[in-house]
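Per-chain residue numbering starts at 1, and chain names A, B and C are given in the order in which the chains are listed.
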């Protein structure tokens, strides 16, 4: 017994660390690895077993499949751009312009990001559907000829996407703007720079990494979004997320599904690296001047 | 801290022990349900694996009342999900399974179903003849049809009449109903196979195989249709009709039944023909309660079960006596004669085209 | 940190405000834009909340105040089941996340840092779809039916991803002098653990718990892949209802879920502010 106690005392760290590592490897890394390997196999009814092939990936290179990646890319891109254009002035206002209500406004900004996405979708569904108060009021005020259904189109989809992802863009930008050393701004003012120059040459570059963080937090999930296009966009377009859902849940074709997953995971990552290098090189260029 | 030495092997052994300990813990956690069932539940049970919203739960509770045997139902959402599972474990743990038509063929080819002993099924003679002896189970050696439903056009009777929608033109050709639609659009099914074969039935009356040129035509047809589609959905069609967002939807007839009482809605199987789904009952090969399974299938086929399922979910029972006792008007909005001519128009999907080709068509339709 | 920032802000905000006053266009437009954005964020939610009390099933007109949709929640069995599932899964995954994360942080305190950090980055970085599909495929290969197990495991993965950095951040800041002092004064490791370390770490433990709880409750994506027809979370229930019928009881569920999430988030934020303030002293 003493022997056991001795060993146990020595191995306590391992005992403690094990659950987390086992959890991580067993439930995350190993399944993903198996899926990756799976993506190189297909089932053949003729030989009643799986065989090694690149066909799954080749099929993705067909125009119809590539268009799906493009769809997702443009959706994510449009969402990210709009979020950025709205979030930056918003964060700027919070950091530099609001003294009294700042904490309160920040809280209001954080709250929506901690609610279920399905409820956020429902919120716009309720507002944009035919019998909603919005269409009814627009009709009553004479803006439209009859109350109509504002769902099942691109507009509704983008509204939903921006609504769900705006806080994720705004918060990192807020954090990075807040971290800017005030003395730099004051120095710029003292040296006679106009507001605009201060903004573009000092504030914007210093918040670049916040922008990058915001873009990552929006672009990557937006790329994989399938619920909003289905519920608010009327399933009129297929996105990468929809195909994954179809292949994994409906048709149970995991081989081509895995190939789809892995090719899709690469795209946003590459895009983000591109932006990162662009920002880095702009900064380098700037410091040279 | 203890300074006594522990040998390398002792250390390694204890590490392995710890890992195994956690793995066993996780294993117990994952299989907790099965362990509970194994040790604690000993009554007579028949396990059913079924599609949702086809058979009424009352049927199972009536069965329990009548025979004292408990029925435990698990639901699956798609045939493929069931097939993938059965391919691995041969349906172990289930006694009755309810696959759709085309899936029966796949299952019999993979030898996943038990042969049926028709002498144990007293209601066999009452099954509507046109539903028997189909391509997916010739001679009905493995399955018996329990419910069926046609696909077609559901519409608002206040906006359109039966004449307007008697042909698939109303759904596929843009100009056909323009004045009556008055700027509104329609809704279409969101399933690649179903959409593809509805188009193929409209153009070529085929639900089996098409050559490449014909496939292109179907692809163009579906692409053109997209312009006046409000939404691709099956489940949401009911809501679209009720809220008067679209006056015309493509759905299986059972969906109309839910809203029949809320206004005047009709359903029609267009003259070019349409798809039909036949829901069959079979016994997985690994079942351990084959006799009980036969009893349950017989009960599902009985007249009362058919009527009560129709009342709940709108699927038409295969028992002739049942469907003389149901109100077909609640499905079609008017009375309909189920004669040979009617069934001649209905096709069960008998797909011989490789699935990736259909997927390619669907992708290009949806990305256009 | 926040309190320091607020004092430093004073001068530059004044400067900017001074400049702003000279440009009426910006002076008006910027706040207008900001407050419109906030309206955009909150009006839809407000409308849902208002109409959850509307005494009418379909009509958009106000028919009178009524709690009947909330009452309906209580006798719809599916909703009660979904609520149970959500709660059980959220609480279980929270407890698991915090426990496992804490064990990891303590156990690896003498090891290299990447064990407790880098290995767990993918939990946050990878899209949830990939996580969910991983769990789904594992369960299918092991022939374990989906349900509580898969949901809890999936949510714990995400929970770990957030809990580990939160707890680790606080753990690193712990002054080892305190631990040494406690041990020198004769307390056993266990006593030191219980009476010294845990109380010091308590804010981060609570924060990690609140974060995991909210993430699990609000999760849709993982539940979408990992739930079964019998075991559904509230989000999945709302999703299935959204596709088929829309009746104000969904508004009621939404309001309740929103209220719950908001309460937890507010707790979390108040905790962090308190913690920051204490940390600065």
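Basically, contacts are C-beta pairs under 8 Å (C-beta built on N, C-alpha and C of every residue); 3 or more make two chains touch, one makes a residue touch a chain.
As the structure is a computational prediction, the values presented were derived from the model and not from experiment.
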item: Chain contact graph, described as a line, ring, star, complete graph or other shape; value: complete
item: Of B-C and A-C, whichever chain pair has more C-beta contact pairs; value: A-C
item: Chain B-chain C separation of Cα centroids, rounded to whole Å; value: 38
item: CA centroid of chain A to CA centroid of chain C, Å; value: 17
item: Contacts with 2+ other chains: residues of chain A; value: 14-15, 18-19, 26, 129, 131, 249
item: Contacts with two or more other chains, residues of chain C listed in rising order; value: 58, 243, 246
item: Contacts with 2+ other chains: residues of chain B; value: 77, 84, 233, 243
item: Chain A - residues contacting chain B, complex; value: 6-11, 14-15, 18-19, 22, 26, 59, 62-65, 67-68, 70-71, 129-131, 149, 151-152, 234-238, 243, 249-253
item: Touching residues on chain C, where the partner in the complex is chain B; value: 58, 139-140, 142-145, 147, 149, 229-230, 243-246
item: Touching residues (chain side chain A, partner chain C) in the complex; value: 12-21, 23-24, 26-28, 30-32, 34-35, 38, 86, 89-90, 93-94, 96-97, 99, 105, 107-112, 114-127, 129, 131-134, 136, 163, 166-167, 178, 182, 185-186, 189, 195, 220-221, 223-224, 227, 231, 241, 244-245, 248-249, 254, 257, 261, 265
item: Contact footprint of chain C on chain B as seen in their complex; value: 29-33, 52, 74-77, 84-85, 88-89, 233, 235-236, 238-239, 243
item: In the complex, chain C residues that touch chain A; value: 5, 8-9, 11-13, 15-17, 19-20, 23, 30-31, 33-34, 37-38, 40-45, 47-48, 51, 58-60, 99-101, 103-104, 106-111, 115-116, 119-120, 122-123, 125-131, 133-138, 141, 153, 156-157, 160, 164, 214, 217-221, 224-225, 234-235, 238-239, 242-243, 246, 250-251, 254, 257-258, 261-262, 264-266, 269
